[in-house]
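Both complexes below contain subunit A, partnered by subunit B and then by subunit C.
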Partner chain A sequence: MIDARLYLLQRLTAIAMLPLIATHLILMIVAINGGLTAEEILGRTQGSVGWALFYGSFVIFAAIHGAIGFRTIAYEWLIPNIRICSVASFGLLIVLIGLGLRAVYAVTV
Partner chain B sequence: MKTKDQTLTVTIDRFDGTSHYQTTHNVPTRDNQTVLDVVTWIQQHDDPTLSYRFACRVGMCGSCAMNINGEPKWSCRTHVSKVVEAGSALRISPLRNMPILRDLSVDMTPFFDKWTQAVGYFVPTQTKDDPLPAIKSDDRDRAKANQSIECINCGICYSACDVVAANDAYLGPAALNRAWTLVNDERDGGAKERLEAVSSDAGCHNCHSQHGCSTYCPNLLAPATSIAGLKRQTLLNLLPWGSHDD
Partner chain C sequence: MKHRSHPLWKAFVVHRISGLALALFLPVHFFVLGLALEGAESLNAALKFSELPFVKSAEVLLVLLLAVHLLGGIRILILELTQLSWDQRILNRSAFSLSVVIAGIFLWSAV
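Let's turn to the complex of A and B:
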């Protein structure tokens, strides 16, 4: 159960995440050389508007993308009632955005 | 080559309107025997209550489609020797994803209803008094329409589709394939309504691109490719910079 608009939104968020995922993976590989400490991470992220925007947008794109996918999978595999699946996936969207932004806030502020 | 005194063990999934059960039959083997021959032999010699559907017997009408050893096929065009290993049995079941009326006969009403839902019918733009439009055989849109126009509505792709199995409302590969043919038919005037119909919650975007439809289509059509075309066309129409042509 997915209409054209949700399908498009899911593809657009996937496209938007591509450079973010690539940057995140490259950063991890580079940063982990010579060991990784909490101080090192926080030293890079705390007070940085750039990293806050980077991971903040990452969280929002991932939450939208995942919630739409969950809605489809839930309908096809768990509950054949699209209203229930829509409400559940919207709940998941809110939870993912909430937890994600809280984590971003914790390391950047 | 099998001799005439050999028999083939055939198991059929049956339904009498209330309960599901199986029957097993020993059918004499013949050279060049098709699965339709087997089913017909069983009805004529072993169990006259066996219900199944066929008409042309030569792969033109598509009415004899059934699941043969788990795969949807036209029984008239399926040789027993091609689907049964030496010494193994044959299992015949009705098509999936449609209500079973009795034994191997399914109710194709939902299948055809979805053709209508997908606006899978021609919407004329001219009257009989207008001159016939000249359509070149090498026209780009016509070539796309031609690729999928030979569908005979047998329901094999619909039975093969796991998305239909998981989602009752999904329009399915046959209806969407028909819609794509009409979208590319320049004489048709229903494109807007049709693209809206296939953009719904039950529409083409549900396709997981597993290509079960294209794998099993006996006419070697590619409904999955048609569905991909519909996805592309509907999304381009949604985008602010999108055009009505891909």
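Let's turn to the complex of A and C:
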């Protein structure tokens, strides 16, 4: 049951991220032209509620998607113990959400 | 081992490896952006490091992995969630080719 829910959650987060990743790819290509500076990045993002929501949701979706994928790959390819894999993937989820939201805070507030 | 001769076996492995690589890269990416908390100088120092050729090459590889994972993921969603009976091998080749084009545009923009 839990596996079915995680499977569904991974697909839902994948669908939710499609426009976010496409935007991120386009933005990276545009922004890196001529070199990146902190002033340029922060000038675009600081004080922007829109970018905070964009990247905040991106971080949460990516963290959930990545942690579920990591759990599956770890179990099937590395450690044939689902409890250990679940604990490790939960650890990855916490690290990704923690560092990710800290990064969003750093560039938008 | 018979499944490994399936035309989409490589696509399956590439999707997993690219996803794993992206998940393990994200903490580094977030850490670097978090340097902005210490001021623009700290972030600029990290961005200057990213100008080194081998770091730039790694960035291009990451863009390729992101595009491969995105477009390969769309192929999987079409396969699993729709009734469309498109040729998966053609979709897979198209996804990989477009990913290479995206990474190429990024490289062209970065140099």
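By definition in this document, the second predicted complex is superposed on the first by the 105 of 109 C-alpha atoms of A that agree within 3 Å, B and C clash if a C-alpha of one lies under 4 Å from a C-alpha of the other, contacts with A are read in each partner's own complex, and residues count from 1 in each chain.
Operating definition for what follows: a residue touches a chain if its C-beta (ideal position, glycine included) is under 8 Å from a C-beta of that chain, and two chains touch if they have at least 3 such contacts.
Because the structure is a prediction, the values reported are computed rather than measured.
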Notebook entry, point to check: A:I82 contacts which: subunit B (first), subunit C (second), both, neither?
Noted result: first
Note to self: With both complexes overlaid on chain A, does A:E39 touch subunit B (first), subunit C (second), both or neither?
What the structure shows: second
Next item on the list: Tell me which partner A:I15 touches in the superposition: subunit B (first), subunit C (second), both or neither.
Entry: second
Margin query: If we overlay the two complexes on their shared chain A, which of subunit B and subunit C does A:G66 touch? Say first, second, both or neither.
Written below: second
Next item on the list: Mind working out whether A:F90 is in touch with subunit B, subunit C, both or neither, as first, second, both or neither?
Entry: neither
Next item on the list: May I ask you to name which of subunit B and subunit C touches more residues of subunit A?
Entry: C
Margin query: Considering only the contact definition stated at the top, list the common interface residues of subunit A for subunit B and subunit C.
Written below: 11, 77
Next item on the list: Name, in rising order, each residue of subunit A that touches subunit B in their complex.
Entry: 1-8, 11, 72, 75-77, 80, 82
Check: Taking the complex as given, what residues does subunit A use to touch subunit C?
Finding: 11, 14-15, 18, 21-22, 24-25, 28-30, 32-33, 35-39, 41-42, 59, 62-63, 66-67, 69-70, 73, 77, 92, 95-96, 99-100, 102-103, 105-107
Next item on the list: Over in the complex, which subunit B residues touch subunit A? Could you list them?
Entry: 163, 166-169, 199-203, 205-206, 231, 234-235, 238-239
Item checked: Residues on subunit C engaged by subunit A in the complex (per definition of touch) -> 16, 19-20, 22-23, 26-27, 29-31, 33-37, 40-41, 43-44, 47, 50-51, 63, 66-67, 70, 73-74, 77, 80-81, 102, 105-106, 109-110
